[in-house]
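Dumping the structure here so I can ask a few things about it.
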Amino acid sequence: MALSSFLKCLRRPFFWSIIRPLVCLYVSKERNRPFTLWVEFLCWIFKEAWKREKPVIWTNSFFPVEFIYGLGAIPFLPEIFSALVAYFDWTRGPISKGSLKTSTDLCSFYRCALGLKEYEVMPKPDLIISCSQICDGTKAFYQTMSESLGIPHLFVDVPFQKDENAKRYVKSQLEEIFHEAKNILGLKTSLEDLGKSFDMAKRTESLMREIAHLRKSKPAPFPGSEGMSYVSGMSFWALGSERGLAFFEALKERIEKLVKERRGYLKEERFRVLWLHHIRPYYPNPIMEFLKKKGVAIAYEEANYPWWPERGGEDPLEDLTEKLLSNPWYGPIEGRLKLVRDLVLEYQIDGVIHFSHWGCRQSTGGASIVGEMVKSMGIPYLILPGDGADPDNYSPGQTLTRLQAFIELMERRWRFTRG
Amino acid sequence: MALYAGIDVGSRTTKALLLNDEGEIISYHVLFTGADPKGASFRCLKECLKEIGKSLKDIEMIVSTGYGRKLVNFATKEYTEITCHARGAGFYFPQVRMVIDIGGQDSKVIALEDGMVLDFIMNDKCAAGTGRFLEVMAQTLEMSLEELAKEASRAKQAVPISSMCTVFAESEVISLIAEGISREKIVWGLHLAIAKRIASMAKRLPQGRPIVFTGGVAKNKGMVRALEEVLGEKLLVPPDPQIVGALGAALLARDLKDEGNRLNHHRTD
Amino acid sequence: MRTFGYCCTYVPLEIIEASGFMPLRLLPSSHEKEDVLLDPNFCPYVRALLAYLRSSSGIAGIVFVNSCDGMRRLYDALRRFSSDLFIYLLDVPRKSDEEAVKYFSNVLRDFSGWLEKLSEKEVDLEELKEKIRVYNFRRRAFLDLLEKGPKMEEVLRVLKKGFPPDERVLPLIPFKGKRGRKKVLISGSVLESEEVVKMVEDLGGEAVFLDVCSGVRGPSWVEESGDPYFNLARAYLKKPPCSRSFDPKRKAILEKMISEVEGVVFYTPKFCDHYLHELVTLRALCQRMGKPLLHLETDYHPNISETMRTRIQAFFEKWL
């Protein structure tokens, strides 16, 4: 009874208008401006999505969201929404509903989203636009949603290869999708409008690149745990919007200040660790506090690797094609190996933790291969099995024991090699 | 004399061990953990002290390890079983490059070099490949653990056990008994199944030799034989493999004192 | 003659043969599965393949398709840790429209060029067209046979070697008797053993459709005149799609098949993302159409277990 009333509130744009200043006031006490901007962004997105003055388009994390803003629509990302629900520790119900429809072997973010659909807490889309990156689950999930919601689904099939043939194929699909989307939604967007949104995205990407560079400093100025949560969230959801730009400007300012003052986010930084896989467990758990307590800084994370190429083309769709084709996690594993190698060297990493999320074949399947490379560089490597969204698939004792053993390993290793 | 204590609080058994200043084992004790790990660890330590007529105040440093290590609130420090088993194995065999530890409820493989842990794999999610597996099977076959071990140490033939899971393996064993397959073949098949699981864990780590086998299950000569057959080489087994974790913890306790001394020395400079 | 392994019905075998290699469908029958380079919680078919390919498999090379995350990681693992085999990844589009066909025909040309370098024999266009004709003949013969109601377990046994089967084996396939059993659709990904089909048929079912990767999902005809690469691309992309494809035809075909049977057996290896997602839609479809559904998950074990027999038996006893 209480639940359904609460859910009803969430569907009203009015609720988000009221909530926004209250929550932001509360959050701003932390004096973390980027975080406040994130919360404000979310409230704005939910308000706009439920207001339905502009079309709502569901999309997946790796589809360039600036395309959606460029169309003049409001993007909604069920995958990120699942992570938010996990943050509030509300995923048990949806995951259990979602698992009934399929199997518990699937990624919990998708099972959560499948279940959330039953609660009607995600604004119904007018259209679904997604791409095949970076896993099978994303393509299949949106197909299922399109089927069960009865909503058209426009899909970009990104090929494995990256040659001229591939460019032609991708660009032709983007052209088709642009026209189809306009037809279906009755929009009059021009390529110029798209271009404006893409320019905003590129400016934001530049800032992200600068931030990535700033985070190389020692001690680590910014916690990876936050990098993997709201920073990554903004990069998926807000790229191409003014709020996205403002967020990264604020983040850069904050980190610049810390770097200038040579302040790390840890009182004593004993080890610098690189976190692999785009996610971490989002429900309340002691992992991040534990690492902090032991002086282990998550200096950087794979999730925020600035992978987009510099591009300044005249043709926005050609630009977008290049961006899609340069995703390092899609294609042969050499792309991922190169980025891990670069990150380990540039961020002066003492140890690498690969978070193996249950149900994630694309990432976990490569964990051993990445591990062989990291170990050949003489860097300790830990595979940490876990679940990003399902707290029932998480065992604190086992997880902390592995982390502690890894820290002890680093203590003895680096003590003897550093003297 | 100064004493250093190591306490390994496992989910089934708790082990405590005392070392002297020269790093010699003075006494040790093993008892069942039961429902009160903290109480068990305290009692276990007291038993060790009683044996040599000493008291708590004679102990300089205490290190706890094992699943219940955080509950030992009277310990100076706690280390994981990984670090402790590596250290303990090195006491008996300084050249050790790999440790296989099979306990009551978990198993692990540790790769080492020059006494330092390089990498490790833990199996704490599944009973298959642990002492529990053998207990369940012993019950199903209506044998004691000792009889099981004896049968395995001299068996000549095995029947392959295909189930990955303890529960399914149990059903499989029941069917095999019903089919009239000999106990010898079943027992040996079970031991080989565990050995294969351990071997596949070990394969994922840097392949150093020699291998030391620790943990309560290492007392089972049949298991030693099965592992040696599957891995294709001889294993080194410490005199009392069950206390290697506690020994490693005690050695680390002694190391802490050395570090303390070095720090003191540095300060007076 | 040197053999080239393949795992997916989207690979145009005509090209492999025209290059002078013998295509070999890879369905290893041993129990060995790789668990060092790949996590044990990973597609068992892929793990069985890796174990097989790392041992002396006797094949000269293998052509993979980017069909799923499992196959992609297999492609990566094999390349990094094994050097003797020649490995090609055939980039098959998920769509089947004209742009995709254009893309795929260029990919096929590239594949052919790569095979040419290996075999040091040029792929003659006429020879390729001839292969297409031979395959068309076999396809026609096989599809004609299917109309007459052959025993599906025998069909699967023959198809394990590849589609379309050599026409000479077709007369050896017996027909099923008229036994008024419950018609079922067997749908899923890799069905490694005809024992499963036999079990379904022994326990009360009649397998009418084999919508599986190792089944009849091949093209029925390839155009014989014009550019063979374009024709192959077109025919293979427009063939009955599997769950990986982004093609509305898939649902329509499933719906049609379900309407003609009385129950559905969904057969997947564990951890198969494409099919586990499709299960959501399939369940809804079966519920709407009032057809019972049995989901069998396998560990890619050539010996079919007792638990599977129990499930199938219970399905027929309870639902039909």
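Which chain is which? They are A, B and C, in the order written, and residues in each are numbered from 1.
Definition applied: contacts are C-beta pairs under 8 Å (C-beta built on N, C-alpha and C of every residue); 3 or more make two chains touch, one makes a residue touch a chain.
All values reported here derive from a predicted model rather than from experimental measurement.
**Student:** Compared with chain B, which chain's mean CA position is the farthest off?
**Tutor:** Here the answer is chain C, farthest from chain B.
**Student:** Between B-C and A-B, flag the pair that has more C-beta pairs in contact.
**Tutor:** When the contacts at B-C and A-B are counted, A-B has more.
**Student:** Comparing chain centres built from Cα atoms against the global Cα centre, which chain wins on proximity?
**Tutor:** That would be chain A.
**Student:** Please tell me the distance, in whole Å, between the geometric centres of chain A and chain C computed from their C-alpha atoms.
**Tutor:** 35
**Student:** Express in whole angstrom the distance between the two chain centres, defined as the mean CA positions of chain B and chain C.
**Tutor:** 47
**Student:** Can you check how far apart chain A and chain B are, centre to centre, with Cα atoms defining each centre and the answer in Å?
**Tutor:** Chain A and chain B have C-alpha centres separated by 41 Å.
**Student:** Could you list the positions in chain A whose residues touch two or more of the other chains?
**Tutor:** Expected reply: 368.
**Student:** Two-or-more-chain contact residues of chain B, please, as numbers and ranges.
**Tutor:** Answer for chain B, listing residues that touch two or more other chains: 204.
**Student:** Touching at least two other chains at once: which residues of chain C meet that condition?
**Tutor:** Chain C, residues with two or more chain partners: 36.
**Student:** Considering the complex alone, what residue numbers of chain C touch chain A?
**Tutor:** For this pair, the touching residues of chain C are 36-39, 41-43, 66, 68-70, 72-73, 75-77, 79-80, 89, 91, 93-95, 99-100, 102-103, 106-107, 243-244, 246, 251, 270-271, 273-274, 276-281, 283-284, 297.
**Student:** Which stretch or stretches of chain B touch chain A in the complex?
**Tutor:** 67, 79-83, 116-120, 122, 124-125, 204, 206
**Student:** Tell me, which parts of chain A touch chain B in their complex?
**Tutor:** My answer: residues 368, 375, 380-381, 395, 397-398, 401-402, 404-405, 408-409, 412-413, 416.
**Student:** For chain B, which residues count as touching chain C in their complex?
**Tutor:** Chain B reaches chain C through residues 162, 200, 203-204.
**Student:** Touching chain C in the complex: which residues of chain A?
**Tutor:** Per the stated touch rule, the residues are 101-103, 105-107, 110, 114, 132, 135-137, 139-141, 143-144, 147-148, 155, 157, 159-161, 165-166, 168-169, 172-173, 176, 332-333, 356, 358, 361-362, 364-369, 372.
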